[in-house]
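What follows is a set of structures for review.
The following pair of complexes shares a single chain, subunit A, combined with subunit B in the former and subunit C in the latter.
Our next item is the complex of A and B:
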């Protein structure tokens, strides 16, 4: 950074410097947030391969698919920045979907939805409690919860799919505003709120502080335990929301809903440049990761890659994301 | 000094078998509710069934002690079983067995490179491998389940169905491997290195241990034990399904945690894992005998892991305070 390039002559100076500065800026930006470059590349690739990829209909579909695991990514971004993780999100989505649909015949429309959200909130609080008060690593708590909560969903719903019995529920799920699904708009709205919270509120600043240096945060008077428990509660609530939105969109619920979604959501967060080591990350870039994965899934489908390869894609994307994570979290070179 | 540290850790692990005590009590209650549980024929059957989780738990013990985790073993089990059954009929049982071990070795090396050498987050990297290997299983089999055409005419059946002096071969494999790997972990310098890396990676690096290599080697062991488990299950069932191994990683982790191996790395024992496997197997069989659905076992695994690790964390905290 110390050496400034010397202009060769008066004419070349401005353009060289301007071009160099712009290139440097783009290079820096691409290095820090490569996800947007990947997204652009994926969009170009698929639109060249399939004429239907860039249609408004398909794009709004991609956005809808993105929204489903995107809900989970919002909560996970907060948690990962504070150096925690929540693997229960996929199972919670399944449980909440089953509760919201399965209780409809006896309780109507709104109460089951509230119960589903409440279950997500309660599981989030339980996870947070086990992490903070019992002192167990969040990975273990939520890894065990991942299978246990799936067990709860099966215990409640059995192995069959349950159909929604109230039409309004399905209508809400299929609602579009203009040509965009209401669920997708809701996702974008929640994302914006998440961005605001992280960037402009005390809670957001404390999130970075805890992830960056927990001891320092404690010493600085941050109520770390309470903060992290709230983080898990938010994640549980968003996961429940994801499950209910999926159920409303499909008009049915199954305990297996959300299976593997934790992988998609975490991959999106990490692809967006949020460090698993905590303390840094931006929710806007999580959106980039979410859109990238949704485009990949949709695009591979459009060019007739068999569905099995989707599993390989998500695995590969996760490993790639991790690789970038370790590459870029190394200390920047002195220059 | 090194030796003392290891012995101390073994002792600690032994103390932490206290983790298993509440479950022995629950097991007693389950046994009263389902009296058939402790009939000799049932005991033999439960032990035989437990050997698949058991063999995988031995490998997982190494990975956990080195301070990492391997979530890919369930999918790996599916993939290797599929390959074994496919090759068994197309090429022959000998090739199938060698291929199974080779694939287990290969995936172990890949995991080892990702986590050991590239230093990727173990949890997420092996979660990614879980998804990737499940996809590979589907691609390999084209989504179909396979069965062996003539299960009565192959020596391959011996691995999962045979008996030696009235003892089922899977049990012998499990106990034999437990003895072998127990020796490797607790009596050799390699084993002490695994403990050292898991206990304090920085110190171990300063002591001249090549942590990446040691971590990678534990994944290779885990890959190989999973391959052996795949041989047992393939031979037992004489077929392979795309979802053969789904959820096995949780059972294995629950068993190992129940056996007192710490998720934080640096402590644990093979004997503990064997005990954990057996207790878990009887508990699950008892619940099934009581007529409870299989997914209840998932809730049981949840509770077991949380309680086991909570006890572990509580004992660690006390140590810090004293």
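Our next item is the complex of A and C:
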């Protein structure tokens, strides 16, 4: 070995230095976005603890469970970056599910789906108008909406579940492409679109600008109100999408669908490193947060942790992750 | 020396294995077992949200522990969208059978069909799955709603001495439990030519609605009503409210009407024990519910023939015999 001279790459750096540079890059990236480290650690831990965790069936299972609240977290990432919040998403999912299924006997398959999506869009627009035009804080607007829309869903559907009466609806919900659920692929596709919008479009750049400094954005000529209203509309539409996907996957709908999902979706966004103070965040890292939460729920089930402790553990993990996040993200600024 | 040592080990092993083997075949299973109980894992998917669930859970753990069967218990905490995910988590762990207490009769169907497709038998426990899901299940284990209906009819006939005018308050129209119980009511009462059924109205299993239905019955039939059957305890207690109010208002005579019901919870248990209008009902014990589901699942795993519907005992009782049965937890 000693006879071989030091290998030099095209840029004139030796390979040990090159590897060190790569490691430093990964280290920096991991510091900025620790969610992927947490996800990797969770995957390693659970696969060592349970022989079934890494099976194809289970990974596809995790992806499906992630997809449902994942739909919500896409819209929420946009809104949170622009320094808003949408708590109505879980309730909207329940209402859209009930509309899409409950109207099937009279209107067929596609029209009720369109009505469900339309309801999500309309509620999103209403949220946006109340926030921007009436000037009420988005937390208050959507907190009220969360309660009111749940009531609306119960008024429409009652407490009983409604069966989907059209077989194609259930078949679409159960559809798999290869071993992966079509719903999970749809989630990934929408996530990719969200990523593209944030990173490569004017709308995306303006989102960061508004969240970073709203006044500056206004002065720079960004049509802030219009922008935020569109953000809420996207969030409402995605929430309706989530509810309809759940209904298709379960072949039935209930107003209780989506209950508490806003919490999971927001947690995923925050775990992904998006700050509630706005102006920064990446949708790819929201994916990391979504996958981390779904893996924790599934993995803790796999190693037989009782349900209440699953919630306690996930709550604890959330605090821990955010603690590390603040520690890591502070360092570059201090150093 | 060495062979002696091995022989000693072998004998010791036989000594240890002997009683273990004898334990391995509980009386409800046919020996020899195809799969030793120690190698069996049963998954349970349910909601631990009420006292019935708590007792079911405790019994489930102690009964399987006694048999040496392993379990994976996943609680969906009343979240209907969580249960299908939990069932999928059980499929992923390749348990030998899954016992499901449906939090909703319809929303569990796709996940149950996935278990079926993965070759894992599903036993539905406590309350039935929607008929569309029946092809995917190995068996249902739970109370026999027809029998509890029959008991309510028999008890009322006994209370009335075999003659009189009766009104029924059922559960929800079209619901299987409600239909079966009403059928039982009518079959039991039909044996008595001097008993006449005046009317039957649904309550949607709601206490308030049962009270309103009873008020309407009293306005229509007044003192001619001798007996009333409530589909379950809540329905009977709603009816009792209306009857007590009518007695207080002097609309009907005191102690004339007798009431029975399909099953009791603690409130009805106390009312029957106190004596009076509420004459009798049937006990549905969560302990027996859990044991029946486990026995059924083990039979399925061991490849025994199991009827599609397995019913556990729901004994009827009155004030005279109530002390034989513990007070329900709910």
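Here is the rule we use: the second predicted complex is superposed on the first by the 284 of 335 C-alpha atoms of A that agree within 3 Å, B and C clash if a C-alpha of one lies under 4 Å from a C-alpha of the other, contacts with A are read in each partner's own complex, and residues count from 1 in each chain.
What we mean here is this: a residue touches a chain if its C-beta (ideal position, glycine included) is under 8 Å from a C-beta of that chain, and two chains touch if they have at least 3 such contacts.
Everything numeric in this text was worked out from a predicted model, so none of it was measured.
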Exercise. Is A:258 in contact with subunit B, with subunit C, with both, or with neither (first, second, both, neither)?
Worked result: second
For this session: Check the residue A:58 against both partner chains and state whether it touches subunit B (first), subunit C (second), both, or neither.
Result: second
Exercise. Where does A:309 make contact in the superposed view: on subunit B (first), on subunit C (second), on both, or on neither?
Worked result: first
Exercise. Taking the superposition as given, does A:50 touch the first partner, subunit B, the second, subunit C, both, or neither?
Worked result: second
Exercise. Does the superposition put A:246 against subunit B (first), subunit C (second), both, or neither?
Worked result: second
Exercise. In the superposed arrangement, which partner chain does A:154 touch: subunit B (first), subunit C (second), both, or neither?
Worked result: first
Exercise. Who contacts more of subunit A, subunit B or subunit C?
Worked result: B
Seminar exercise, completed: Footprint intersection on subunit A (subunit B / subunit C) at 260, 306, 308
Exercise. Any idea which subunit A residues touch subunit B in the complex?
Worked result: 85, 130, 134-137, 139-141, 143-152, 154-155, 260, 262-263, 266-267, 270, 276, 306, 308-319, 322-323, 325-326
Problem set entry | Partner subunit A, residues of subunit C touching it in the complex | 48, 72-77, 79-81, 84-86, 88-89, 91-94, 104-111, 118, 130, 132
For this session: Enumerate the contact residues on subunit A facing subunit C in the complex.
Result: 50, 52-53, 55, 57-58, 61, 64-65, 68, 161, 163, 170, 173-174, 246, 249-252, 254, 256-260, 297-298, 301-302, 304, 306-308
Seminar exercise, completed: Seen from subunit B, its contact residues with subunit A in the complex are 71, 114, 118-121, 123-125, 127-136, 138-139, 143, 247, 250, 253-254, 263-264, 293, 295-299, 301-303, 305-306, 309-310, 313-314, 317
